[in-house]
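Everything on this sheet refers to the single structure shown next.
In this document, chain identifiers A, B, C and D correspond to the written order of the chains, with residue numbering beginning at 1 in each.
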Amino acid sequence: MTVKLYIDAIRDAMVQEMRSDPSVFVLGEDIGLRGGVFRVTQGMIEEFGEQRVMDTPLAESGIVGVAIGAAAMGLKPIAEIQFVDFILPAVNQIISEAAKMRYRSNDDWTCPMVIRAPFGGGVHGALYHSQSLEAMFYHIPGLKVVIPSTAADAKGLLTAAIRDPDPVLFFEHKGMYRSIRDDVPDGEHVVPIGQAAVRRVGTDITVITYGLMVHYAMQAADELEKEGISTHILDLRSILPLDKQAIVDSAKKTGKVLVVHEDNKTGGVGGEISAIIAEEALFDLDAPIVRLGGPDVPAMAFNASMERFYMLNPAKIADSMRALAAF
Amino acid sequence: MKGDTKLLSRHQELGLTDDQVLRMYELMLSARMVDERMWLLNRSGKIPFVVSCQGQEGPQVAAAFAMDPSVDYAAPYYRDLGVVLAFGQTPRDVFLHMFARAEDPNSGGRQMPGHYGSKKHHILSGSSPVSTQIPHAVGMALAAKMRGESFVTYVSFGEGSSNQGDFHEGCNFAGVHKLPVIFFCENNRYAISVPLQKQVACEHVADRAIGYGFPGVVVDGNDVLEVYRVMKDAILRARNGQGPTLIEAMTYRLTPHSSDDDDRVYRTKEEVDEAKRNDAIAVFRTYLQNAGILTEQRETSIKNKLVEQINEATEYAQNAIDPSPESTLLHVYAN
Amino acid sequence: MTVKLYIDAIRDAMVQEMRSDPSVFVLGEDIGLRGGVFRVTQGMIEEFGEQRVMDTPLAESGIVGVAIGAAAMGLKPIAEIQFVDFILPAVNQIISEAAKMRYRSNDDWTCPMVIRAPFGGGVHGALYHSQSLEAMFYHIPGLKVVIPSTAADAKGLLTAAIRDPDPVLFFEHKGMYRSIRDDVPDGEHVVPIGQAAVRRVGTDITVITYGLMVHYAMQAADELEKEGISTHILDLRSILPLDKQAIVDSAKKTGKVLVVHEDNKTGGVGGEISAIIAEEALFDLDAPIVRLGGPDVPAMAFNASMERFYMLNPAKIADSMRALAAF
Amino acid sequence: MKGDTKLLSRHQELGLTDDQVLRMYELMLSARMVDERMWLLNRSGKIPFVVSCQGQEGPQVAAAFAMDPSVDYAAPYYRDLGVVLAFGQTPRDVFLHMFARAEDPNSGGRQMPGHYGSKKHHILSGSSPVSTQIPHAVGMALAAKMRGESFVTYVSFGEGSSNQGDFHEGCNFAGVHKLPVIFFCENNRYAISVPLQKQVACEHVADRAIGYGFPGVVVDGNDVLEVYRVMKDAILRARNGQGPTLIEAMTYRLTPHSSDDDDRVYRTKEEVDEAKRNDAIAVFRTYLQNAGILTEQRETSIKNKLVEQINEATEYAQNAIDPSPESTLLHVYAN
């Protein structure tokens, strides 16, 4: 165990897998000498050379499409999309191709690849460097969508993603790269995809969330504890597959559920979680299922006060939690 | 008669034996006859959809024949029946696909006709959105380069599809990394109803290659030996690490776009008839006849064999079992 | 009023708007001489010429991107995407550009355009000619997403969409083109976007749905009526904006809600509808909110029996309705 | 001295008066000095982000100067500060944008610096995903053609961005419909850290034009009069209904990609220093001096004026009010 930054844990997973499996390689924009715009791949070109740490032309559909072809031949590409906002030109390759390759070929051809991308706001990234786009993909069977909230999970889930025989989208909150650090196992570390984690055990209300919001919810829960409110927190870790059992269990635990995500509310992942509970645990509820998300506007503004208005924070979450507890 | 001698030996100059050119001819005929049968089945209500290769079998078979299907890979598009047969699928495989039976090697009955793919045959699974296979083929070629393997990847598409972003992004990637991939554009002058001049403003799709730093070659698709020759050149370059080639085979689609189309609203019968007269199969037949390789007897025996094979295949496929309805739920992910 | 096919009503709206407003034009693949692969634009090139009924190169991102530029200059493009499955290459233009143009320019530049596309299955279209992709877009503020279920609505809503100052996605179930016909007002006919319609008034259970499934639900309700079960049916007509009030009202009306869509269940629009009810009408419910959608597989297969397995139909819907009524 | 005479009259041969070339020079300097100020503000923590035009002001201003901003339109990219100023935005407008103030004419404080757009100035609103503006400009040009209006649309992008599908699809559409649009590629040899030879394998991005059926022109971006000349030619062609032109201006990015970048890891100081010596502004200054148009005094007075203007603009913007937080909810749709 070593205390590590979230960003270093991600690199750890890639480096370890590349050392042990020659079919793993990374490709993307500026990931070579530049080490990625966030420095996630820093130092990797020095160890693995420019063929396995490949700077590509500026063309996301091409990056993903080429990775799909390489994966079909048994390589295990890890494609980095510089910001998740720029995954949109590659959506056709992801949804029409990666997600459907195994299904359409009746289990003959497969697509074992990972697409990594930083997402999320609060970093003055404005409309196109702040978005959360996971809701585009959690509806697409054939894909897996992983969003780790701790450094340990980042390493363990990314290792699992690289070894996964199917395409995995791996979304990293860019605000967490250098702000989150925790104990990370040193050697091989695999966290199975599809299992939510209880981050805090409580009895009054349940918060279901993922990504950076897990940390904000934890802070809010600390606050509420002082007020005598006990919070149960479920970190989904992957939104496709969703750990339904854990969702239902944690809802039943307290009977009061708040679903939180940074992404805008309407059509967000929160809807699915709420719907699962309304379908499978309705009579265990003591309050309406509340969703807290960003406002339904196209994206976060650059202006700092507007950005703060958009972004959730521990205080806003605490307010919703209080109201729910008081219900 | 000197000229004739030269003419007659074209295939030999290319290193092709008489048996090989006969085999090519047989494959073309097979593609054509399978295709014709599909239309019959469609018009009699037995299969809901056909997308046709007619008119393009010549360049398809010639291109595929230049490859080595035991080593090389193909990422064909929906018209490439000729390629698929040359890569080793049988008419029975194809009819199983058309009838969407459980045994369909391409998709187990999941995909529409013309959506080929089978690992065993070195054919990548294809989808409907056009041009997505182009970056895939580039990725396959990247795998060859990274692993130091010598296989070449063939990828085909229509001229209309060369206007998709994926064509551009795929070609550019391959150019930058000098990958062993051959971009084979079957320019049949229409994208469904939209004629060439409303699709592209350049003289030749092959002109686009210069923008990716590799050669672009225009070839008369009805001259199958010439198609074979430029493919062989391209394959040699690819295997030598000299990178990709874009080949544009000028051809024509003799049928409507698909069984759902009616081409009479956008082109004349005269134009189609004219194209039929230049059909690659007919041109090649004449060549083989002049070369003394294809006698009338031989032709008849090939055709009889094919008819028999196609009858057998049709019947087999027609009587084959469907995938179970519940199998819908399988293979979303690995087990 | 004239009884018209759904497909003819759509054409009607376009033709009428093009006659009265010279800035309206249509562009897309094979929409000229061919009249579109479904013949929606049949005859239009003859009346309006090839500049206003423009066959484009085969490139969806280009089609949408060009339409956005034209719209910025005050034209009103109606872009046809041949099958909704082929909208995916244009997703970046739709989400990054069309949806955000007004917002990012602080109300300076706008994007008054319509994107029409046939969607839906049951027509032997297999994986890539059968999909429902509305769930990709109902999460995107800045867009409107309209899905009419009757010929009259098709005309009225498309007219509204063409006149709308913002981008509207207009999805037409291809199975309805020639199977649905109803009374369509002859002259100008505008149905405001964002208002759901009660298609059947009932007291025992509520079905909330849209598109072809409205008709299937109506048939199922006829069946159930014979069994003494009274069904209330809400046709959403647009899924962005969602008519929240109508959703909540119709849920309260019977206390038992079934949400139905052809699209696969997880992450589908049904989640949002269920979540709205769970948030705003929880204590009016007498049963868990049930969602009925396609199975969570990448798409419909070509094989007819597999396709039937995937597709909802009146019988499957009736089964869910019965179970809900009996709850 | 004949040679000199010819040299000195280059701008006159192009129909440019002394005042006009001085105005061009002033615009370039203005762009450079505004840009430099932005870096100062960034390094002192006053603005969170800068994306720079330094090194590219020359070709930018020359290109824009060839247009008529009262008639023509621009769809610039994030480096095009020179274009934006030439189209009529003031340094104050620009600083209001950098500081994300309510009065920012580009986005009311919503977008990152360098995301220009204002209808009043005939500048289309731009986004961050590269190349999306290319089809937009084609659509604007389509509007000109459909309405029979004579405006021309300019659209710019980096050489890295010419690898996006949207470049291909936009150019092809414009070629097929012969639209009045000018594709202006600012080839500064890097896409962030990725050097030209890892981005494209062709000799020149301009070579891609042939694949779209219109002319491609390579021009030395540091020779601003030559940039002006090829732009004028392209505009003439566009207005005459002869369709698009792709112009590739060879230039260099003198700063890191943005304030978040560190270019020392991927290129040498020597390379940057070399480029600085060929900087378009310096070359043009020498030209104007040799032509006797730009005296030292004149230069000083221009600079003083600009410094004053920039100081005023900085101060104004720094003290200007922010949009209200709640305004986040406005303008999702029309009211």
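Miscellaneous remarks
Heads up, the rule we're going with is that contacts are C-beta pairs under 8 Å (C-beta built on N, C-alpha and C of every residue); 3 or more make two chains touch, one makes a residue touch a chain.
Since the model is a prediction, treat every value here as computed from it, not as a measurement.
Contact with chain A and chain D alike is made by B, C. Centroid analysis (C-alpha atoms only) places B farthest from chain A. Distance between chain B and chain D, defined via averaged C-alpha coordinates, is recorded as 46 Å.
Separating the centre of chain A from that of chain C, both taken as means of CA atoms, is a distance of 30 Å.
Chain centres here are Cα means. That of chain B falls 37 Å from that of chain C. Remark: chain A and chain B have CA centroids separated by 42 Å (rounded to whole angstrom). Contacts with at least two other chains are made by residues 107, 109-111, 115, 127-129, 163-166, 168-169, 172, 176, 198-200, 332 of chain B. The set of chain A residues touching two or more other chains comprises 56-57, 59, 61-62, 85, 88-89, 92, 96, 100, 103-104, 127-128, 141-142, 296-298. Chain B meets chain C in the complex at residues 48-49, 100-101, 107, 109-113, 115, 127-130, 160-161, 163-166, 191-194, 198-200, 260-261, 265-266, 322-329, 332. Within the complex, the chain A residues that touch chain B are 25, 51-52, 56-57, 59, 61-62, 64-75, 77, 89, 92-93, 96-97, 100-110, 141-142, 144, 165-166.
Note for the complex: chain D touches chain B at residues 163-169, 172, 175-176, 178, 197-203, 205, 207-208, 210-214, 243.
Residues 61, 85, 88-89, 91-92, 95-96, 99-100, 103-104, 127-128, 135-136, 138-142, 240, 242, 264, 266-272, 274-275, 277-280, 282-283, 285, 287-291, 296-299 of chain A are the ones that touch chain C when the two sit in their complex. Residue ranges on chain C touching chain B, taken from their complex, read 29-30, 32-35, 37, 55-59, 61-62, 85-86, 88-89, 124-129, 295-298, 301-306, 308-310.
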